[in-house]
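The following blocks contain the structures, represented as structure tokens.
Okay, so chain A shows up in both of these, paired with chain B first and chain C after.
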Partner chain A sequence: MTVAVFFGCTFIAFGPAVALFVFTIARDPLRVIFLIAGAFFWLVSLLLSSLVWFITVQISNKNSATQQTGLLIFGVVLSVLLQETFRYGYYRLLKKANEGLLALSQEDTMPISIRQLAYVSGLGFGFMSGAFSVVNILSDSLGPGTVGIHGDSQHYFISSAFMTLAIILLHMFWGVVFFESCERQRWWALGAVVLSHLVVSCVTFVNPHYQGSLIPTYIILSVMAAWAYLCAGGSLRNLKLCLTCKDKDFLLANHRPR
Partner chain B sequence: MNTSDSEEDSYNERSALVQCESPTIPSYNQDHDMSLPQETDSKQRRSVSSGLDEPGPVEQERAATPEGEEEELTLKYGAKHVIMLFIPVTLCMVVVVATIKSVSFYSEKTSQRLIYTPFEEDPNSVGQRLLNSFLNTIVMISVIVFMTIILVVLYKYRCYKFIHGWLILSSLMLLFWFSFMYLGEVFKTYNVAMDYPTLAMIIWNFGVVGMICIHWKGPLQLQQAYLIIISALMALIFIKYLPEWSAWVILGAISIYDLIAVLSPKGPLRMLVETAQERNEPIFPALIYSSAMVWMVGMADSSNPNSADQRQRNEGGALAQEGVESEDDAALGGRRRFSAEEDLEEDRGVKLGLGDFIFYSVLVGKAAANGGDWNTTLACFVAILIGLCLTLLLLAIFKKALPALPISITFGLVFYFSTDNLVRPFMDSLAAHQYYI
Partner chain C sequence: MMRMKNSSRVAGVAVIVSKTGLADNFSPHTTCPNQNTGVYSENYGPDLANCNVTVWNPFGNGLSYEDFAFPVFALKDENQTQVIRKCYEDHNQRVNGSAPKYPLCAMQLFSHMHAVTDTVTCMRRTDLQNRFSINPEVLCDPLSDFNVWTSTRPLNNSAKGHAADESVVIAATRLDGRSFFWEQAPAAEGTVSGIVTLLAAIQALYPVTQEAPPTRNIFFSFFQGEAFDYIGSSKMVYDMKRNDFVIDLDNVHSMLEIGQVGLHSGRSLWMHSDPISRQNKSVDTEVLEMMDRMRSAAAGLKLTVDHPSVSQPLPPSSFQRFLRERQIPGLVLTDHNTSFINRYYESMYDDAENLNVTYPPGLTPDEQLVYETDAAKSLAEVATLVARSLYVQAGGNESNLNNITADPKTVAQLLYGFVIQKNNSWFRSLLPPEVTKKGVNSILSSGPPQFYIGLGPRVHGPAHSVTRFVQYILANLTGSVTNLTESQCQNPSELSTENKDLFSYFWVSGPASVNSTSEPFCVRASVRLSKAVSPAFELLEYGSRNYSTWTESRWKSIRARIFLVASRELEMLTLGVGVAVLLLSLLVTYFISSKAELLFSSARETPTTTY
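And now, the complex of A and B:
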């Protein structure tokens, strides 16, 4: 409960995402706009799911704790499904916009490819999701207080920060895989993305037993990272070339805009 | 007790005036377009299209690359202009939110009110409170309408000195008095000891440089910074002195007024914009934030036809095809002048009225002031940015002056109330159990 905790948790939660933003998105205005639009779509999905949850809570028995928890779980599942629906909706919108531009343009190159859009929209979803999950917690961590004074876990802040980090990166990977599977019409992949999102959310129901929630989340994160890497065109060979600095394409890319 | 009349006069008329400048870009004069030299046009097209490899006369080029390339250019330049407005709007909002969250003075409610909101809001009776807030709104909007009409009449009858004097008075008030107040409150919050001579020196320098930058010439970025600062100061004053419910109703009413004033044929703002276009003059630089160079009014060294051209081209800054051709004019005009100005003139940029900055920041600031919830603030922020993006998209499609308030404020209000009442309890319950969605 100090400034150190605040800065530590902020950098844990948002560090990689902000680095990604600064190095890959900030220079291109078009990508920034699509990032913010992605964040907006996530926000609308959250709004709808909160609306439904709120209505169910109003008509339920407010005194029964188990019912409230059950409704909350229902709210979580609904929210996940709505988020994925809105991701699909955003995909359709982007396809239409892209198609319109391509039809009008005599050139073959579009200003932004669908893969870049997948990455940017996934990151937009991730930013908004992470921000909504953790910003209030971070602002509370600046003030005075004792964590877990009523017997709750003392690792509340740090576990929240790590979970948020995982969620942001996961949204980005889900975006890439989702768009790719929509492009290739691989509906099983789509289902897998939705399922993994559900699994990650449902696994948080065992909090505060963080080993039960953080470990599966990070396992799923690594799997999705590998899958997204393969979807984006990477391969073991590329990886080796990149790490040993032998990849001519990559080296050239540093010197000219792509 | 109410704050002094002249203060409110000045800053209220500023808000009245600036929100009249909320039309982003006046429509471009098409005839002027066609008479421009073509060489730079071909160069521009060559640099962006990969298909063409030799200049050739522009007519042929134009035939070869119809709307396709322009569409891609439109998208790229449009996106660039959107970002050029996102950044100052974001900065203004960040300043306001940071101040609200740290300096408690601006979120404390006092019994002091502006004379423009004379009806007191009684927290006990809902009906009475609602009625009073509507009455306050009516008073405020009528004051704004009245001021705008006076401004348009003065402009029509060429009483420039009067208008300039009015603007100078109001920016004096903002730059000296309100920044003094602001600095005082910041020092109080952080318990910084400061002596009057130092303070006088700081405020004097800040104010004088501000006056010079805004009303005369100055580096573009400094001028932009000052415009952002005065918008933030004004927004903070509104947040402090407008009663709770009245503020929300006023925000809604102002966006409706903006819509009417800019789009209807007899609307005062539209008349102002059209008159300015007819006379080939820029609308007062003290009221508009411009992302590119605007101090043409002070340019003494250019020949008259040039400066008139340049002014008109700067005025007509729009996103689409004009964006391409205007860069050529700007580049061409620039060559006839000093090289220092050339790079500044390359992009005509986009203009947004200061009133838009103020009301966006009022919305986000009020969202930050009510309760400690950051989710609401974030949601309003994203909603306003998306509204601005949509407005600029419409601008690119319709290519005439558009009100910037309605879409953003509507989104902002919708998201404020729904996030505050629906999303907040949901996210709070989730955070309490540490469930993640």
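And now, the complex of A and C:
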């Protein structure tokens, strides 16, 4: 719509991701490297799924609307499955790399734990996914007009920005849960992650009824946030202590003299 | 338009051009065309200057000469107009008397012009650019094109200055028109009537002047740029003065100009003369003799010609520029006695309908091409009158007059080509083969030709279409076919039998029939082009009062688009929400990362709690 909407939507979509990057990742070069590698893996998965999509579209009947919609659904499902496959592939790679890193480094503890790697890789996936979702829309929002001359809803820009925000955070949470479940061999958790990813992607098919797609997405976001928090080692007690600011006593209490 | 000009709330105007509901008269030109560059001024006929005696264009509202600070676009495509109307009706209409709600339909017009203020300013800036910049950016270009001239006896083109033993009668008309919008100038009554009449007169005269040549040479000239303060005629007079033209002012015996002659049907034609120069006895005698000759030439035809009863100045005409230099006897032939009969002078509505050129329904284009409308027949009469008068004026024998008759079929073809459709089989046969091939910039696109002068071949695409048409039509009507090959046609100086100084050589397509394609051939004719750019630009007097100083600005792309615009509040709300989300996430992340040890501690408890 104008520069105001451009900046507004950029901040909405990338605000939390940038905040996370600035405060937790930017200082440690190793984390930055793994973040970018994660983004690259997501990009490769997108490349493969778009290749398949392109080929199927070319050989399909371009005039049939139902076939095109069916192809779109197929494309989305395939892309989700490919992304999760590449997440698993990244996990295997990181396991191998970690052993190598340990052999090379001077210290005997690992410079970066698998939990931190889960978080960083999930955020990497999220950054790239968010960029591809929303950058086109942002560049269109710079012009003087808004969506709607053909009858579409004029809340398109802001809904897309909120959706992107949710997706980036979701990727991060999925990364944490995924790696944790791979470590603990809990395959049902893995399946739940893939399923929730499919649900979030497929619920966007009800657009332009943006309430229908945003509300389920945010519900899934909160559920995954809680799950990831628990996987990362948090608990309700820690949260309560943190929020009521009794942390000083707790830490002091924990450091017993040996 | 004037109300919108003065309003501060108008950012642009899109004019829907349609023929329904056409006003009774509309002329965006001034009421007194070219009043500052004619012959009448404080020094010459001050009581006749500035249309004190006769207002030539009474319906003129001067719109073309107003300075609008916003773009004005003309929309001719019905489909585009429909889209705009639909967008307005869907979003911008008042509902039950209350203002329409956002989002509203908006339109953006792009027509950035590089030149500002006036010619002096933009030419000064262009000169600065040319002098000091490595990559000079031209801001505006002077209007320029070419005049077309020919003569019954060929003139040596390389001998400039006074031509010995030549006494010349000039027959002139204008080649251009204009309207409020750029390059939209059908100019049917204003210009085409004169062009067609003079071309038909040339065709009628030519065989007789070859068999029984008159004593004087007849010099036919089509002046380009007359709508913009007489660009072509002032340039020709300037060249004549400086001995830079094949003849000079001493060679000129008299002049006959064809003005607007299209709407005379049933009425009479009028011969205008200049009362100031007629105060000189010799000039007056010659003018009276000219008028007598015209009256007697008209006697055998179904026309009457007369001199206006009131003593009034000349109408706006190229003859006035000649009078500025020398008091030459001359007449201007028009269909109006005092003010113009043309109610749409220099506007986009001066088209075939205004000239009464209509065809019965159901004719194919080729049939329409040769169908003789009433307008064609009446213009043929005028052409016969002009041709006979010129012959007698040039000292020809009156017994040959009955052989001089304009061909109504030629007039019909010319009219069809100049006001209905320029891409017709006759025009295609006259033009060179590379023009008739289909291309984007071809001068043979569909529809009637537009008579706006433009910027000349160097700046603006291929040569101006109307100039080329007149040149090649003249070559066809007055030239002779030679059997030169194409390369010989381009370089005839190598052959001893051909003379490049006296003639021009044109390689033309030739008629195409249904079964076969055309066979090109070489035509030799004494038709020439002479540059028509205002002397002010050669003298570098950009603020000249004597010569035309019209320029056209350069621009970037010209386009328009429509879209919906959201309310300012919604935009600011989005920005506010974005900033809030960013700040909130920064705060929360800082909080979480500083308490990370505590929040995620339960994972570390198990390995480290050893006592």
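We take it that the second predicted complex is superposed on the first by the 240 of 258 C-alpha atoms of A that agree within 3 Å, B and C clash if a C-alpha of one lies under 4 Å from a C-alpha of the other, contacts with A are read in each partner's own complex, and residues count from 1 in each chain.
The criterion applied here is as follows: a contact is a pair of C-beta atoms (placed from the backbone, for glycine too) under 8 Å apart; a residue touches a chain by one contact, two chains touch by 3 or more.
Everything numeric in this text was worked out from a predicted model, so none of it was measured.
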{"item": "Fit-or-clash call for chain B and chain C when the two complexes are aligned on chain A", "value": "fit"}
{"item": "First (chain B), second (chain C), both or neither touched by A:Cys242", "value": "second"}
{"item": "First (chain B), second (chain C), both or neither touched by A:Met224", "value": "neither"}
{"item": "Touched partner set for A:Ile158, first chain B, second chain C, both or neither", "value": "second"}
{"item": "Partner chain(s) touched by A:Leu123 [first = chain B, second = chain C, both, neither]", "value": "neither"}
{"item": "Apex chain A: angle to the C-alpha centres of chain B and chain C, given in degrees as a multiple of 10", "value": "70"}
{"item": "Which of chain B and chain C A:Val193 touches, first, second, both or neither", "value": "neither"}
{"item": "Touched partner set for A:Gly145, first chain B, second chain C, both or neither", "value": "second"}
{"item": "Partner chain(s) touched by A:Ile12 [first = chain B, second = chain C, both, neither]", "value": "second"}
{"item": "Which of chain B and chain C A:Ser201 touches, first, second, both or neither", "value": "first"}
{"item": "Shortest span in Å between Cα atoms of chain B and of chain C, once chain A is used as the common reference", "value": "11"}
{"item": "In the complex, chain B residues that touch chain A", "value": "49-51, 65-69, 71-72, 75-76, 79-80, 82-83, 86, 372-375, 378-379, 382-383, 385-386, 389, 415, 418-419, 421-423, 425-431, 433-437"}
{"item": "Interfacial residue positions of chain A with respect to chain B in the complex", "value": "29-30, 32-33, 36-37, 39-40, 43, 46-47, 49-51, 53-54, 57, 68-69, 72-73, 75-76, 79-80, 83, 101, 104-107, 109-111, 128-129, 131-133, 135-137, 139, 156, 159-160, 163-164, 167, 200-201, 204-205, 207-208"}
{"item": "Touching residues (chain side chain A, partner chain C) in the complex", "value": "1-2, 4-5, 7-12, 15-16, 18-20, 22-24, 115, 143-149, 154, 157-158, 161, 165, 229, 232-235, 238-239, 241-242, 247, 250-251, 254, 256, 258"}
{"item": "Complex interface listing, chain C residues touching chain A", "value": "87, 103, 105-106, 108, 562-566, 570-572, 574-579, 581-582, 584-586, 588-590, 593, 595, 597-604, 611"}
